[in-house]
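Note that subunit A is present in both complexes that follow, paired respectively with subunit B and with subunit C.
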Partner chain A sequence: MIDSKRATFLGLSAVAVSAVLATSAWAAKEPLKIGVPTSLTGPYSQLGDEVKRAVEFAVNEANAAGGVDGRKVEVRFLDTEAKPDLARQQAEKLALEGYNIMTATIASSEVLAIGPMLGRWNALYVATVTKANDITGKQCQPRLFRVNRPDYSDAAVIQPWLATRSEAKWAIVAADYAWGRGSGEGFRNAAAATGKTVVSENYPPLGSNDYAAFIQKVLDSGAQGMWVALAGRDAITFARQAKQFGLFDKVTTAGISFTTDGTVKVLGDVVKGINTIINYSATLDTPANRKFVSDWAKAYPGDSPTNFGGETYIGMQVIFQAVKKAGSVKPADVAKAMAGGTFETILGTQLMRKEDHQLVGPNYFGIVEAVNGTLRPAIKMTVPAQTATPGPDANCKL
Partner chain B sequence: MIQVINGLVYGSFLYVLAVGLVLIFGLRRVTNFAHGSFFMLGAYVSYAAAAHLGFWTGMIVSVAALAVFGALLDRFVFRPLSREEPIVTLLVTFGLLFVLEDAVRTIWGKDYISVSAPEALSGSVTLFGSQFPTYRLFVIAVAIAVALGLAVWLRSTKVGLYVRASSVDPVTTAMQGVDTDRLSALVVAIGTGLAGLSGTIAGPLMALSPSMGGYIIIDCFIVVVTGGLTSFTGAFVAALVIGQFHNLGLVYVPEVASVIPLLIMAAVLGLRPQGLAGPRK
Partner chain C sequence: MSSAVPRDKAKVAAASIAAERRTPTVVLAAGLLAAAGFAVPWVVGSQLALTLMTQAVIHAILATSIGFMIRQNGLTSFGHAAFFGMAAYLMALNGKLDAMPAELAVLAAIAVPAAFAFFAGLIIVRLPALSFSMLTLAVAQSLYELMLRWRGLAGGDDGMAVRLPSRLFGIDIELFQAPSSMFVVSWCALVAVIAILTLVARSHFGVLTVAIRENEERARYVGYHTLVPRALVFALSAAVGGLAGVLFALYNAFVTPGALHWSLSGEALIMAVIGGPQAIWGPALGAVIFFVVKNAMGDLTEHWPAIIGAMLIVVTVLLPQGISGLLNRLNRLNRRSREAGKA
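Then we have the complex of A and B:
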């Protein structure tokens, strides 16, 4: 009994000493302050919530392990409502407050508004879910990086799938801003390369309430297949209305960010059988991903990381490793460590290309179906990193 | 032709929401910024009630709950503030919007919710050779029922006469012995009840989220201003015109479709500053 008490006392003392030492070490070094200008409200609020949880998970995990490079990690979130102007204002506010290593904004148009200002703010930004080619293409910036798959990577995945399809006529329904337009262009190129014809292109405004006009246009076009690039609230509203019009029963449907873990959970059988590009899935069977998913379930009981959560966690892994490698939290030093570096991620070792600051990673294709009794996007095809992330983008001059 | 019917559906939906705003403005002269959040609250109340009691009972519960909420709002907010500057009440409704959004976020969470149409309306009918969702025809029917119901009430009953009189001149109406406070409570209750009704019919059409009111309220204000602020007929005509042009714009000129309602409003106000059917000053 005495031994047990003594052991407990010694154990607690050890924990207390470690905590004090960690705190002292943290006090000695400048903290790593991460700013997250993201969609806490607006049409992408659920996506904002998914990335927020991933950032918080990564920060708590890092601090519990003694911090990053002996530094405490601090994080601050500000709402951008998916509006580019507000995103730029909020990012500037974060940078001025010292949270000048930023990440996890939802809309590409927001990142394209933030990107050109990073040098002036002495900040750095790591895109984790935004897909517009221009982010690492013609609008690339020395302080701007991306870890997720761009539109051209999704096109590289859709093309081999499209080649196997018998449907000759296709329609496009995509969000009317940089990402949706880029996705539409990527699909159009993939269709042309595989001898398909795009007979109807539709770009509904972000936050639309009624998609009937677009749904009817697709029905009237004679399209046999449809490519959808809508996300968040738009994806749910469009899917619900398209189902009522019988659109999914009439045309083969494939999409990106349309049938994600989040939207499938909300829509259920409405989107069963829809083909989808999958940029990340909690079901990916790598040791690092298994551990991530298991730790996530302990932090958020009954939950598993979504595609946006997983991609954002990869962004946090890259930031932490770059800070450690730089031995500094100065954005210039971290950017230097990031460009051309290799990083251990939950999807394996990945290169951050120095030519365009794009992380070279794999991509996946699948279908919405029941997996262990739960409807979710299930991977059917894996495209390796070198094929899935072609290029560096020649439009990027760093 | 199917696209015209689609425009009619959106216009009908706008009308049911906008006419509540017209009622409240007519009696209380309150520009109710919180109307979009009443619509949102109606959608959530209906969703929660329907989960246990079915869609139709959910609709009744939502309308009743929002009507009670409106009566209380009139008694404890609009009436005490009626002697203050209009800007005070306007700011209070603006604050109420945030309070309601946060309350709903706390109760139901911030994740999106999708609601199925009731079984009886989940199919489709053939119209002009195309398959058309039955639920969308139901939305048109609801708008017609609301328009007819309000027309009969306002034009054929004594209370309706008082409401019309009070909308034009509340002071003189009160001097004639009409209890305008009780009348206002009734009218605000009906206005918020209609917000509950529009929230309910929105459920199977769009994703539910605490901020969903923000996506519709601008179009709703455009309808009210174009129609003439206090005019029920004006709101009806404006909703149908704006719904139609908005939808046809998406079909034929999608690049500029989002500004078409604003252009219509600007054109109407340029030609008739009092709106389509507003009283001449």
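Then we have the complex of A and C:
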């Protein structure tokens, strides 16, 4: 009894001493300042909230463990409302305030607006949930990196699935900006490669409130299947209206970022049985992921990391390890350490390709179904990293 | 009645002659203010502060253009972002299509909105104030939708980068994109705009348009053409809005449909109302206040628009002349009390 008390005391003192030591060491080294220009309001506010929690979790975890490379991690969030022009202004503000290692913006168009400015601001950016091919393709930048799966990776997953389907006519409903357009194009190519025809393509603007006209067009087109690339509030509004029109009963539906951990929680039975690409799931059974999920549940009781949360945590892991490797928080040094490096992530050891700054990782496919009594996207098929992230994008000239 | 006509004409003429005598004072003041702008980058070291100030000054030019319209025509535009965005997109599209040298594009980006406003103005300035406001809103929103939908031309919602040559008017393009030098450029542009608009407002033309604003019918009976002057005010205001759009495109090198959206028109209008359009410099002051509140409060809360909203209510109820009106009144009281003291 006394021994266990003494052990507790010793343990606590050790924590206290190490905390003091860590604090004094922090004073000596320049802190790692992370800027997060993200959607705190607007159509993607739910996604913004998910990535914010992941960034905060990673920062608290790192600071509790004595910081990164002996440096305190500081973070600042600014709202971009999913608007590229505002994202550019807010990112500039963050970078010039010294929060020049940035991450976790929601819309691809925002990252494409930030990318070309990174050199001028002397900053670095790590994309964690944005999918437009151009980010690591035509518009790649020396200071721009991506850890999540791009549109072409999702297409590489959808194509084998599409080959097994009997539905011949397909419709596309995707958000009208870089990501949705890219996803639509990827699906169109996958459909052509598997002998399907796309009979209706619809690109509603980001933040639409009324999808009736688009739903009617899909119904009228005679499509037997539908590909949906809408996220956040758009996904929720569209799914509710599609349900009212009986669309999900008439066509086989598959999507990306459409039925996610976050939207399924809100929509419930409305989206049961919908096929979906899953970029990350808390249910993935690797030792690192199990630890991440259990630590997360301690920090946020009763909660588990969402797909966007998990991907953003991977981004934070890559940033932290690159800073440690570089022994510096200067964006130029961190970028050097990042390009061509390998990183220990919750999805295993992954390579950050130096050719296009894309992290090579696996991708998953599944369906929305009840797991232990709770409805969620459940993984049915795993696509290994080499297939899910095909060779470097030839459009990228670094 | 017959004697009233020449008397009114004489009033307009006398008022403008009195004002024109003060022209050298205006030019001198503008020169001093512009020179003061050169000192700012030396005093303000922070890049962040400079970039915010540059943005504030560019928006101040847009607010000034709306304020001038309200002051001279008594008409409120709800769609002034149309001219701002039109100019920015003209710069961007010229970069993409290489239609003309960038210097010419800068001039075109100011002239095209002005010409557009002049010809549209010949029709719409005759309308009642509310219809005019609604029409400006409609025109701006249709341009917004056009740019939002036309992905092939202008990248739609993703916006487009403004490709610029390495030198513009013989000046290194970097100078237009570094906050310290661009602040000076924008500041000088703002001072020049306010000086020119002040001179215009005090000229015969300016006094005449105010007379038309007060009583269009009477001005017509006195023998003035009333349509063209009002359309010209609209065109001048659009040119100033276009100038702001050009500076915006040069500085950010990136433009999205947001540059045409009603929310930008609304923001600029709020700046003008807070500052008070009765003074030519009022809206610019409003823009500065708007930016200070936005950035100071934006750091504390994401609900900063509520603070701007509350401020707008206070100003419209308590200070119908805006903050510039209040400052002018205080100045007058001060002078009067000093004169009373002397006596």
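Methods note: the second predicted complex is superposed on the first by the 383 of 398 C-alpha atoms of A that agree within 3 Å, B and C clash if a C-alpha of one lies under 4 Å from a C-alpha of the other, contacts with A are read in each partner's own complex, and residues count from 1 in each chain.
Here, a residue touches a chain if its C-beta (ideal position, glycine included) is under 8 Å from a C-beta of that chain, and two chains touch if they have at least 3 such contacts.
Note that this is a predicted model, so its numbers are computed, not measured.
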**Request:** Once the two structures are overlaid on subunit A, check if subunit B and subunit C clash or fit side by side.
**Result:** clash
**Which of subunit B and subunit C A:Arg120 touches, first, second, both or neither** = second
**Request:** Tell me which partner A:Leu112 touches in the superposition: subunit B (first), subunit C (second), both or neither.
**Result:** second
**Request:** Tell me which partner A:Glu92 touches in the superposition: subunit B (first), subunit C (second), both or neither.
**Result:** second
**subunit B versus subunit C as contact partner of A:Tyr177, first or second or both or neither** = second
**Message:** If we overlay the two complexes on their shared chain A, which of subunit B and subunit C does A:Thr41 touch? Say first, second, both or neither.
**Reply:** both
**Asked** After superposition on the shared chain, which partner residues are touched by A:Pro205: those of subunit B (first), subunit C (second), both, or neither?
**Response** both
**Message:** In this superposition, which partner touches a larger number of subunit A residues, subunit B or subunit C?
**Reply:** B
**Message:** Touch test for A:Gln244: subunit B only (first), subunit C only (second), both, or neither?
**Reply:** first
**Message:** With both complexes overlaid on chain A, does A:Lys83 touch subunit B (first), subunit C (second), both or neither?
**Reply:** second
**Message:** Contact-wise, after the overlay, does A:Ala65 reach subunit B, subunit C, both or neither (first, second, both, neither)?
**Reply:** neither
**Message:** Going by the clash criterion at the top, which of the stretches 58-66, 130-138, 238-246 or 292-300 from subunit C hits subunit B after superposition?
**Reply:** 130-138
**Prompt:** Overlap of the subunit B and subunit C footprints on subunit A, residue-wise?
**Reply:** 41, 205
**Prompt:** In the complex of these two chains, what residues of subunit C are touching subunit A?
**Reply:** 46-48, 51-52, 55, 148-149, 151, 156-159, 161, 177, 252-256, 258-259, 298, 302
**Item:** Parts of subunit A lying in touch with subunit B, wherever the complex brings them together
**Value:** 41-43, 45-46, 49, 202-205, 207, 209-210, 212-214, 216-217, 219, 232-233, 236-237, 239-241, 244-246, 262-263, 266-267, 270
**Prompt:** Once bound in the complex, which stretches of subunit B touch subunit A?
**Reply:** 2-3, 6, 9-10, 13, 110-114, 117, 122, 124, 130-133, 135-136, 204-207, 209-212, 215-216, 219, 247-248, 250-251, 254, 257-258
**Message:** Using the touch definition from the top, list the residues of subunit A that touch subunit C in their complex.
**Reply:** 40-41, 78-79, 83-86, 88-89, 92-93, 96-97, 108-109, 112-113, 116, 120, 176-178, 181, 205-206
